[in-house]
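Each of the next two complexes has chain A plus one more chain, namely chain B in the first and chain C in the second.
Let's look at the complex of A and B:
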């Protein structure tokens, strides 16, 4: 009996010392690595999650793990690594269609719209109906980001569902007919009537102020010269010229700012629509 | 006898299973701590998170969360650090440990400049009867909060409560005395354009301000004297008054800039030369 107890104790102490000093800790074995990586993935700690999955030998990793590794890299913005891994996913894999969509999403985020189009077209004939529809939506919207020719309205909206069509149509119209202002027209207007260019670009208050100040200084310059107060005449002339020049330049800048704001707001609206739709990628059920 | 032997066998298996699980966690803790001590903070966080994930009995909850928080702090991820310090706090009932964790949270709030939150936390600690014996430490960190709030005078008052010759009090006094009063700079510039700039040591700017205001005021007055009231009003409004206003704003800006330089010098000095506890 004593022997048995002694054996038990020595075995226990041996195991303990083994675990501390060597790499045999069961927490670092394959099954536990996967469990821990899954946990990190669901906790949205993607870099650590990818690193953990990568600790598993390549030959022992299944397609699901590879897909999650790529997804982790994509989420943290390492698009190059993500694309490489997504591309390695086999055509027979259930994750193949999703990988294609993820690659298209990356092209979209990288603003490589031409490559997005080419990639979409190469997979058009594959038997991936859901993914092709989602891909086509993203491909269509990429036209609104790019400077290339935009397809006709009927072709553009045909991929979208009924509930998406209204918003997509509004975005399409905004892209085709943005309410821009011509900086040259604004400048010419301001050169003819000070402040008119600003009123044209929508800065009404600024336009009225410019008109009044330029007018008053011009009048004062004229009046002082007439009364032979030459110093004040030159002073007010200088101020009038300064305001007049500033008003022409300001109108040009105002039109440019107006156009930049229109473009920014359009992109913001488009991006939030696409994000809201999750880039037309169905939600995964890895963390249920 | 056979039954007894069976019991021993069960005991043997149970002991080994228990010790094995325990030793795995302990080994993991040691490994994670080593990563932390080697300043490999990213790996330390991973390994402590692994420990927490497999530690079903939450035996390492306090230490592991604390080390994760400290690693995040080292990496400048202050929000994550606060989250894990808070989790660490839940893993202990020891009052000293709880207090230390709360102070760590205060320190992180200082580093991320959420000063009002820092004061709230310190006031809560001050009012908590459980930490009645820790008043000095609370006062000490309140002093630091005032330093980060750029209020060196109040910081000095707090440190003086601990010791009238406290090293930090002396440093705070020095910075406080060297600082410029924004109000004084503005008032001086209101009375005599350019005087505020002279006060902050920006002499050229002071002379320019004085000259411009004098010139436009002279022209405005000259116009008024010549009964050209509208001319005078326009010069006064668009030129003299604008330069006068600009001169006051300029004086305030210079005082701000000089005070920022002094604050940065003070913080830099504390970071490199002060040996006591720092955020």
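Let's look at the complex of A and C:
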């Protein structure tokens, strides 16, 4: 008899735990799903958190839940789903301003700067002072990423706080006056003194070796002609000419690579600044 | 006694059954011979243009008689001979040749290489043709701190 009771209890326990009907199992009721999803969200398990929130019927979800779902998708890089959900957040919701900022952040991350600008301008007149300031900062910095015309310095920095202005000004100056090298100057310098163009672009070692290689082959050509070894003279002359030509060509390429490096490092610096500022989005207090 | 025996038999069977994946713990049959690079070489001669065919023949002869005998000594990927062929394919014969001579001087520079080029696999430095075609759109700067995984 005892065995029968134990087996029945065990079977009932398994059946109960596997039942997802919220009417039978309280663990699957809305409040408990939210509790679990919140826990996953705060543990930064965003994919599973979003999936848990999505288990709640759409009609029963409030704006906060929808915002957290979109935030979860945005964090894991599913930008299109995130944007769709952010856009559904109502203008009267307290999360409307934040969702606008999150959409701008997504445009920024997707490198769709033109759309970011248009989106920002459409909401500029809304009564969202904090979000507008943050949005304007991100919008301003998007000019440094894009190839479009950059606004004048005064207009550019006006949205930023005093503690941000110095860094933003430095980035602005770097964008306007990057320490680029002129490929033509590099080539001309190398044409005058082999290797000089590479030294000008910062490739000092390459420049010295170019000078030595061209110099050695030129000397060998001269020495062989002098000793009347005409074949070797022509052979070394040919090599010297090719190394000389390669050095002029290489200096041009070296300046181009230098400029690409400057651009890469600038973007790295800009990205790290924006990330450090959390895309100018205020911290949420969902996990306090 | 009979019960204990039955339980032990079931337990033992389960244990034996669970351990059937012993194959993966066996000694691996790894080849210890050095890879023969020349078997991977493409010695085919393209028929697109005479200059390309002539140059490929020259490079193939260099690989067969010198490079494969001497060993893989070029610090770069693609190697200088591979760079020459790729450069001519990407551009044209005169430009490709100039790119090769420039690469050769860079190859001679033994100082500061590690801080200048990204690593390619464990032994090489990555210096692709695309950086030197003078087409700015093709230049994709890669910092020396990154590691390019070799094929």
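One rule holds in what follows: the second predicted complex is superposed on the first by the 255 of 288 C-alpha atoms of A that agree within 3 Å, B and C clash if a C-alpha of one lies under 4 Å from a C-alpha of the other, contacts with A are read in each partner's own complex, and residues count from 1 in each chain.
One rule holds in what follows: contacts are C-beta pairs under 8 Å (C-beta built on N, C-alpha and C of every residue); 3 or more make two chains touch, one makes a residue touch a chain.
Note that the coordinates shown come from a computational prediction; the quantities given were computed from them, not determined experimentally.
Peer 1: By the touch definition at the top of the document, which applies to A:224: first (chain B), second (chain C), both, or neither?
Peer 2: first
Peer 1: In the superposed arrangement, which partner chain does A:27 touch: chain B (first), chain C (second), both, or neither?
Peer 2: A:27: touches chain B, not chain C.
Peer 1: Output check: A:201 vs chain B and chain C. Expected answer is one of first, second, both, neither. What do you get?
Peer 2: neither
Peer 1: For A:74, select first, second, both or neither according to whether it touches chain B, chain C, the two together, or no partner.
Peer 2: neither
Peer 1: Between chain B and chain C, pick out the one touching the greater number of residues of chain A.
Peer 2: Chain A has more residues touched by B than by the other partner.
Peer 1: First (chain B), second (chain C), both or neither: which does A:232 touch?
Peer 2: first
Peer 1: With both complexes overlaid on chain A, does A:263 touch chain B (first), chain C (second), both or neither?
Peer 2: In the superposition, A:263 touches chain C alone.
Peer 1: Once chain A of both complexes is superposed, is A:249 in touch with chain B (first), chain C (second), both, or neither?
Peer 2: The answer is second: A:249 touches chain C but not chain B.
Peer 1: Between chain B and chain C, which residues of chain A are contacted by each of them?
Peer 2: none
Peer 1: In their complex, what parts of chain B are in touch with chain A?
Peer 2: Residue positions touching the partner: 4-5, 8-9, 11-12, 15-16, 19-20, 22-28, 30-31, 45-46, 49-51, 53-54, 219, 223, 226, 228, 230-231, 234-235, 238.
Peer 1: Taking the touch rule as given, give the residues of chain A at its contact with chain C in the complex, in rising order.
Peer 2: Answer in residue numbers: 203, 205-206, 208-210, 213, 242-243, 245-247, 249-250, 252-253, 256-257, 260-261, 263-264.
Peer 1: Any idea which chain A residues touch chain B in the complex?
Peer 2: My answer: residues 1, 4-5, 7-9, 11-13, 15-16, 18-20, 25-27, 32, 35-36, 39-40, 45, 48, 51-52, 216-217, 220, 224, 227, 229, 231-232, 235-236, 239.
Peer 1: Would you pull the chain C residues touching chain A in the complex into a rising list?
Peer 2: Touching chain A: residues 95, 97-106, 108-109, 111-112, 116, 131-132, 134, 136, 139-141, 143 of chain C.
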